[in-house]
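Working notes, beginning with the structure itself.
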């Protein structure tokens, strides 16, 4: 401080406290507090956002391809099981049996951990920065943004369930008739159909797909900002692409339990 | 028209606040939100009661001093309009409204509806400027700036620094404010020269008081200067650019 | 010869005729004076600069510029603003643009034309040699502000775009949409904050200046009140720069920001600084009339509206019919009628006066009969709604917002509103007031604009003062004081200033009356609009002086300031400002009453011929610089005005 300040004494008893202590130096500058709310984080939030964007795009591509693959269910059991088998044997002999699948699984797992971990940090930082008074009265339009945490948790639960149900066939989750894939054949069609014949599973599946739609629609749109695209036209296109992809994935996937329940696929 | 107001009263920073209910009977639809408070304060003073402290200055929507949260929405119900231009026509006769300060952990309340937004200025101090000393500037006509670019820069430079974007954000993020400044300066020939350095400095400062952006879009809805959401992308754009180039320009 | 000249005697009670002031202008032809003076200025060695401390009060264009420039040069600068951020100063609200004699267009503009326009626009009551400095530095100002981040409007080829502005025939106004002031202000505030970052400037926000600290006859510092805590603190320095803006807010309803005030300069005047031409106040013709009791200000609508809008009133006084029901034959397009050459584009003072005459003679329109119409009907018919929307869409939107009326359908209502104060603390050519060590910059000074300011010259004068004049002149003043220290904190002068300030605050708090300061401010504004407004006369002014004195007495008897001085207390802030207004208001009226002529914005009803102002260059070709007497009276000092390159002429817009 370069100034010569005198005469503080008179008002030194002023009740100026923030968090119980009086920041006299800050006050001398005409502000309440000079200390920052928090130290600079080791990983800046914008990096977390980029991580979420990149991993999110990986998931989006995955669910899109997955959905297209799922639609093969309408081409019949044989074709569908062949596809499941092909996924395990593709690129042999360069890769071992289930090689690509495991590469994908590991990549997705890493992405999932990074995505969820980033999300948790961002959520925590957001709450801390907002402070005690929450923001009420938001417009309807950002419903998807506001529900990202909820839809994310639903999706996380769904992923766990989905793996237990149709990949590992864990008892209690999967149907009793679950047959694991072998190096010679896959039973994906039978497993899928019998699982979705349980109405509560079909319903949970459909709800999860709705959550996926909401999550993807906002997530994909957010990507353009997170990776720093400022062009107006590009952003408009991205907004539409996000919506269309999310909608396509949801509709494509929801068709299956509906078809199963209606007996179209059996 | 009659309006019933629940007004946030807080004597000093760090003290507990509470809502106090007041009525104004002779409001008129063309009055502004701030004139409503003027009216209320006049009555309070006449009755020897403490008037409600609130900030305002130009009352033309350009200085950025005012900012009152009305029923949870910073500045008030009319989108993209500062508090000084919010007209009572938005409310109906007899309506009950809640008035509170701009809310964010980064904005400590000074008194009643007045908050300390100096955290925003700290970001500007950190890097929101151009290092051209007085007298050394080149001819402005020699530094060509295309019409398009100048207009884009103006779109971003329109920010009035009211800080409502932060208060609108459920995450308490200042991306609209910071992004508009980064974009504004990086669009101009002199401002570009320290683009990387500026981005690092401003983002580092921003992270210490403000939250991350989740693209709620609330900021752009309340922004009196109509700063577009692209400003938010500019934050990450400049962040990525400075990170990968690792240079000061 | 100057020594023997004496000002005319005054017929105003309490006015004493004082001496002749020396502007310390360079002894050189006006057009080379600034160049010459810069060569003569003393310099301070870069290594010694940090041994000087300079206080800058205000962070508008002038204050931020001066503080940033001085900080950059290496002086220890302490900068103050009563706002929460430097960017909020009222420079931010200027819409139109900034003039510069860059000769960017082939319309035969030149430095000399700039000076001629400024001097003539000011009706020959400004200092011509200062106008030359304004013109010369205007080129650098645009370059500099462009370089520090102000995005000026550009042609498609990439060069600066210009537009023309009221009162001139060339296109020399540089702009950034309708937010030129904001862009320049934000760029300057950023530059100031760059110096805060560099550590050369200590910026204290939410500090309001309440007094000066005198060190003998020199100024040695300022007393500040911390608006958050109520702390009253002393800050000493080698020199003090006031850049605290104009005092138009004295009218209560004005185009100024609600917190703009005269306290800093009035405190200086109390210490003996001369106050130049306090009655020279510009009334903006396109402000919004007051339409309701609680309206807090007269919002300014850009002057550019007069390019396409036609101003009229009903021919029949008291005609209350809706505007669109009044037939063409019963409309009086009085500006077009009286000033066929300039029509609706007559300069601000002429347009304001004509409107006031119409309103006073009962032709005013609107619920309170206090406005005139600005009609776009014909322009919309001629150019189409689309074109009008393109040109004025944002202004129309603002108008609708403010009044609830749609200017596409019904004419706007406008009225003159107090806007810019050409008067201010008297300073010499080096911007130093009559108190050594006290400098002024921007609107709180005087000099460039005479009795009427040209549009887009205010941003310029603030920038020229702050960035390119004060850094030289302050250095020149400081140089011989090398090795001296500012007053010590516990020196008797500092203690005296502190106790004086506290006593004043305590006095305001102790009255314990029944009305808040806003009540008195409102009343004062009404008195001034009536008595010292667009049209003044001996009768209105004498009446106003009497009422101001009564109101002042009532203020000190019946003021109520709720709360204490130990917290953010906006009532106490306002009380101090209104107390100062009540004193300055009297001087304004005295100045207006004393000056027996009409010039620029100062229009005395007694001094007109065929409705046009008559200037009296024989007796009044000088600037009145008032000293506040110890007995409640005022001493009028004189700075005779000499015009070298611009021949004295009578303005005629007919």
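So that you can tell them apart, the chains are marked A, B and C in the order they are listed, and the count of residues begins at 1 in each.
Definition applied: contacts are C-beta pairs under 8 Å (C-beta built on N, C-alpha and C of every residue); 3 or more make two chains touch, one makes a residue touch a chain.
Listed by chain with UniProt protein names: B = succinate dehydrogenase.
Keep in mind that what you see is a predicted model, and the values were worked out from it rather than measured.
Asker: Check A-C against A-B and say which one is joined by more contacting C-beta pairs.
Answerer: A-B
Asker: Whose C-alpha centre lies nearest the centre of all protein C-alpha atoms?
Answerer: It is chain B that sits nearest the middle.
Asker: Per the centroid of Cα atoms for each chain, what is the distance between chain B and chain C, given in Å?
Answerer: Taking the mean C-alpha position of each chain, the two centres sit 27 Å apart.
Asker: How many Å are there between the centre of chain A and the centre of chain C, using C-alpha atoms for each centre?
Answerer: Their C-alpha centroids are separated by 58 Å.
Asker: Distance between chain A and chain B based on Cα centroids, please, to the nearest Å.
Answerer: From the centre of chain A to the centre of chain B is 31 Å.
Asker: Give me the residue numbers in chain C that touch at least two other chains, ranges are fine.
Answerer: Residues 84, 205, 228, 567 of chain C touch two or more partner chains.
Asker: Identify all positions of chain A at which a residue touches two or more other chains, and write them in rising order.
Answerer: 14-16, 30-32
Asker: Where in chain B do residues touch two or more of the other chains?
Answerer: Residue numbers touching two or more other chains: 11-13, 110, 116, 118.
Asker: Which of the residues in chain C come into contact with chain B in the complex?
Answerer: Residues 65, 68-69, 72, 83-88, 90, 92-93, 102, 104, 140, 142-144, 146-160, 176-177, 179, 181-183, 186-187, 189-191, 193-194, 196-197, 205, 228, 257-259, 291-292, 294-297, 299-300, 398, 401-404, 467-468, 471, 514-516, 518-519, 560, 562-563, 567-568, 570-571.
Asker: Where on chain C does chain A make contact in their complex?
Answerer: Touching chain A: residues 53, 76, 78, 84, 202-207, 221, 226-236, 486, 488-490, 494, 498, 502, 565-567 of chain C.
Asker: Across the complex, what residues on chain B touch chain A?
Answerer: So the residues of chain B touching chain A come out as 11-15, 71-73, 100, 103-106, 108, 110, 116, 118-119, 122, 167-173, 183, 203-204, 207-218, 221, 229-230, 232-241, 243.
Asker: So in the complex, the part of chain B that touches chain C is made up of which residues?
Answerer: My answer: residues 11-13, 28-32, 34-36, 38-39, 41-42, 44-46, 48-51, 53, 55-65, 81, 85, 87, 89, 110-111, 114, 116-118, 120-121, 124-141, 143-147, 149-150, 153-154, 157-161, 184-185, 187-188, 190-191.
Asker: Which residues of chain A touch chain C in the complex?
Answerer: 1-8, 10-11, 13-16, 27-32
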